[in-house]
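Note that the chains take the letters A, B and C in the order they are written out, and that residue 1 is the start of every chain.
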Amino acid sequence: MIAVHARRRRRTRRVADATRSLGVHIAVGIWLLIALGPYVWMFLTSVKPTLELYVFPVRYLPSAVGFEAYEQLFTTTPFLRFFRNSAVVALSTVAFTTVTATLAAYALSRFRIPGKPIILVVLLVTQLMPAVLLVIPLFISLRSLGLLNTPWGLTLVHSAFALPFTTYLITGFLDAIPKELDEAAKIDGCNDLGAFRWVVLPLLAPSLAAASTYVFIYSWNEFIYALTFMTRESARTLPVGLHGFIGEFLIRWDLLTAGGVIATLPTVLFFLLVQRRLIAGLTAGAVKG
Amino acid sequence: MARPHRFRTILATALALLIGLAAAQTTIDYWLWLDDTTDPVWPAIVEEFHAAHPDIIVEYEMIPLGQYYDRLLVAASSGSAPDAARFKEWWLGDFVENDLLAPLDGFVAGWPGADDVIANLYNTGRTRADGPVYMLPHQYITFYLYYRADRLAELGVDPPTTTDEFIAISKLLTDPANQRYGFGLRGGGGGQDQWLAYMLAGGCDLVDDAGAVVADSQACIDANQAYIDLFRVHGIAPPSATSDGFAQVIGAFEAGITSFVAHHVGSSLRLTNVHGDALGVMDIPVVDPSKPATMAAMAGNVIFADGAKQAAAWAFLAFLTEHEQMDKMSRSVNGQLPVLASVAALDHYQNNKFFALSLRQADYATAWPPLPGVGYISSQLWQASMQQALLGDITSEQMMRGIAETLRGNY
Amino acid sequence: MTLGLNRMKRHLVPLILLAPALITIVVVIGFPIGRAVWLTFHDYNVLRPARTTFAGLDNYLATFRDPVFWTALRNSLVWVGGAVSLQILFGFLGALLLNQRFAGRYLIRGLLLIPWATPSVLVALMWMWMLDGNYGVINDMLRHVGLIDRYIPWVAQPATALPTLIVIDVWQGVPFFAVMILAALQAFPKELEDAAVVDGANVAQQLWFIKIPFILPTLLITTVLRIIWTANYMDLMFIITNGGPGFRTTTLPFLAYTTSYRRLDFGQGATVALIQALLLAVVIVLYIRLLRRRQVV
């Protein structure tokens, strides 16, 4: 009797699990469709002959697939240079911001600082003004320091604006990791740094992955400061370069969509790398409990 | 004997330096926008200049038009403007008022090529009829009307010459159920040029002969009302007209959704590719056929007043405005109308129906008045007002009053 | 001796740790913000800054008297309220979804990131192209499916212009919330979840009583900053509608931009931006109060 009930319970649970799994897969499928559908359309646009773009009724599939747009993108435009410039700025910003934010977060979380509320407020107040209003004074400052058209000026500005959220995020995660873990590690013989590296850091990994992704995307996509501080074409970043394919009388849809498709790839790669490697790397050798 | 020896060395060094300086190269910064930045014609022209003038190096920067004005503002406010730049007449008023541009009369007077420039085009570079020229004309456009010759032939009608004929034919070509509309009215950003062409053809002048602003005269209010009515009353424009920009109106015409659209030579190549012989071109329909009118827009070159290398900058600008370079520019994919009479007379342009019509229109085309405030109108005010008027939020009179006040400097 | 060193260490160490971040922020951003405030009291001549004059409170008075300012304020409230609330909702559901086990989990997490990872120029152009009222693919698909019989000019109509931009922003911002909340969910200790199951809690109860409180700090700061960023985000308006039709999509930052860069009145533009900043500061104050209550500060 009991065996029958047990078997029935197992079957019901399996059915429930299967339904749940189906539901999850359907939901993910729909989400993928909504999120990536526009890019599929963009890709089709980039390989369609230009005469098939503005037609009524809409033409879905191209009559002939041509990758000239991609070829032109790499040979006639400074696209690769834009790409490299963006990469340098974004990676530098990630490195600088993540490190300084983690240091600051450790201070805010693990120490009692008298001015803590003020510091938190200062971090947030810097985000209140729209970039368009701050751009001219920043331009003047960077110009007098000779930091225009170099990746470092832009990195500095990007970092300044990305730091508040990053600091808050990591502080929040640190707060959720009990101080007792630090103490336990120290009793076991670690010094402060060791406790941090082997106990706290692994637990912090998910937030570091999220934070660095945020910083990368912010810097990679940032437009107004990149536009204003990188004045020479040779120094331009990707978003500014892409915007340049919009002329007064022509929109080079082919170059735009080709460039757009390629522009999103590094961020995805970065996130995937960071998800897997960072978490795996930091949790290796972690001391649990 | 040490002292005279040292003196001679110093003298020799000083002389060497002076000679070196005289032979030194001057580098000038030049800004421009080009629609298609991949076109090799422009870099080739710059190289030719370098070959002809080994003592001047031109470092140019291509900035998309959408970012151009903002970049100019940042540069002006931080004192980092280039030596010379491509410029639009929209911006002349504000820049000249703030003494940012160098007057070019002195340079033009000593320039052998000065007479080849079509005489009245110099006026696009003046802010006062008797004032100095601040902008050297380079490439311009005049507005005409494209139409679907095949569709008109199907209907058995001739191309319209008056506004009434235009409205009547457009209505015949309008069929909303099948996504067909007569006229691609451009109510979104950048549509002020097309609008001005219609206003001028409709009997409205923004400024009178004495230079006073009359944009809020009854004639202008009526002309504007007629334009609004094309959308609100006659329904010959698609419902998207209120926000349509360049890509949308030309795209709709390309797709065959509209049968009339106002634009200029810049798009002639592209539209010929699509419609071939079915593409016709004509003057903007006027209220009074004996008084043709349309608008012209000039892209010219300016020299910034605070720059120290004005002579070198002028050498470059003059080079750009000479016969061979002008011809190459106008034939390129970025090309517009040549400002030189000698180039305009060439067969290549006279035998091209789009260029030929535009060059004829140059006789009676009027540009935006070079007043401060045009920058604001062309970048924001016109669009906001036009959209409100098309949607019925404001009246034609309110719109023209706002524009008139801005032209008078109250903004 | 050791005691004094320890005390010094206790006070000095946090300061040293905080210094790089604080110095970077204050040095880079401090001057421009001060400058922006200064602008609000002046009639700034951007072309010839030397000709700038003092304006007292004129900019503020002019702003409050401008009907477009109030329109922009209303639009901003709709914009921020609509966009952020929808992003939280879908972002949260999305995070829960991504936390499940399914085939290709890691890859799909990366792919779903793409809308957030795309430069806004491209996002705007893509959607503008798809939503076109004459040859857009979305109109075509809707018509084939039978939902509409006439193409809809999404961004040309007053009723649909701002909602369309909100939808685009939500599409772009959901991955951001999903990633942040997912990180919080992943940091959730398995032991707590197991304990709850042992105690007999079902999925909904687990969620409400244990998981949400745990991720609340992350959720709060993400929301607060997202509110501030969305309030200042004007790229979509800039590229797609230019504030139109007829000011329907003009929000406060866009008004600040056009007042400064098109009407060449930087003083009044800065005033509009500062007023929004002060309104957003209220949000910050509320957030700090919330933190205080949870005894984190």
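Basically, a residue touches a chain if its C-beta (ideal position, glycine included) is under 8 Å from a C-beta of that chain, and two chains touch if they have at least 3 such contacts.
Remember, it's a predicted structure, so these values are computed and weren't measured experimentally.
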Any chain that touches subunit C and subunit B: A
Chain whose Cα centroid lies at the greatest distance from that of subunit C: B
Of A-B and A-C, pair with higher C-beta contact tally: A-C
Subunit B-subunit C separation of Cα centroids, rounded to whole Å: 38
Separation of mean Cα positions, subunit C and subunit A [Å, integer]: 15
Centroid distance [mean C-alpha coordinates] between subunit B and subunit A, Å: 41
Per-residue multi-chain contacts in subunit A, two or more chains: 54-56, 136, 243, 246, 251
Multi-partner residues of subunit B (each touching 2 or more other chains): 70, 77, 179, 251-252, 255, 257
Multi-chain contact residues (two or more partners), subunit C: 46, 134-135, 261
Contact footprint of subunit C on subunit B as seen in their complex: 69-70, 73, 76-77, 94-95, 98-100, 176-177, 179, 187-189, 238-244, 248, 251-252, 255, 257, 375-376, 379-381, 383-384, 387-388, 390-391, 393, 411
Residue ranges of subunit A in contact with subunit B within the complex: 51, 53-56, 72, 76-77, 135-136, 139-140, 143, 227-228, 231-233, 240, 243-252
Touch list for subunit B against partner subunit A, complex: 33-38, 61-67, 70-71, 74, 77-78, 80, 179, 190, 246-247, 250-252, 254-257, 266-267, 270, 273-274
Contact set on subunit C toward subunit B in their complex: 45-49, 51, 132-135, 150-151, 153, 155-158, 161, 241-247, 258, 261-264
Subunit A-touching residues of subunit C, taken from the complex the two chains share: 10, 13-15, 17-18, 20-22, 24-29, 31-33, 35-36, 39, 46, 94, 97, 100, 102-103, 106-122, 125-127, 129-130, 134-137, 140, 171, 175-176, 179-180, 182-184, 186-187, 214, 217-218, 221-222, 224-225, 228-229, 232, 234-235, 253, 256-257, 260-261, 266, 269-270, 273-274, 276-277, 280-281, 284, 287-288, 291-292, 296-297
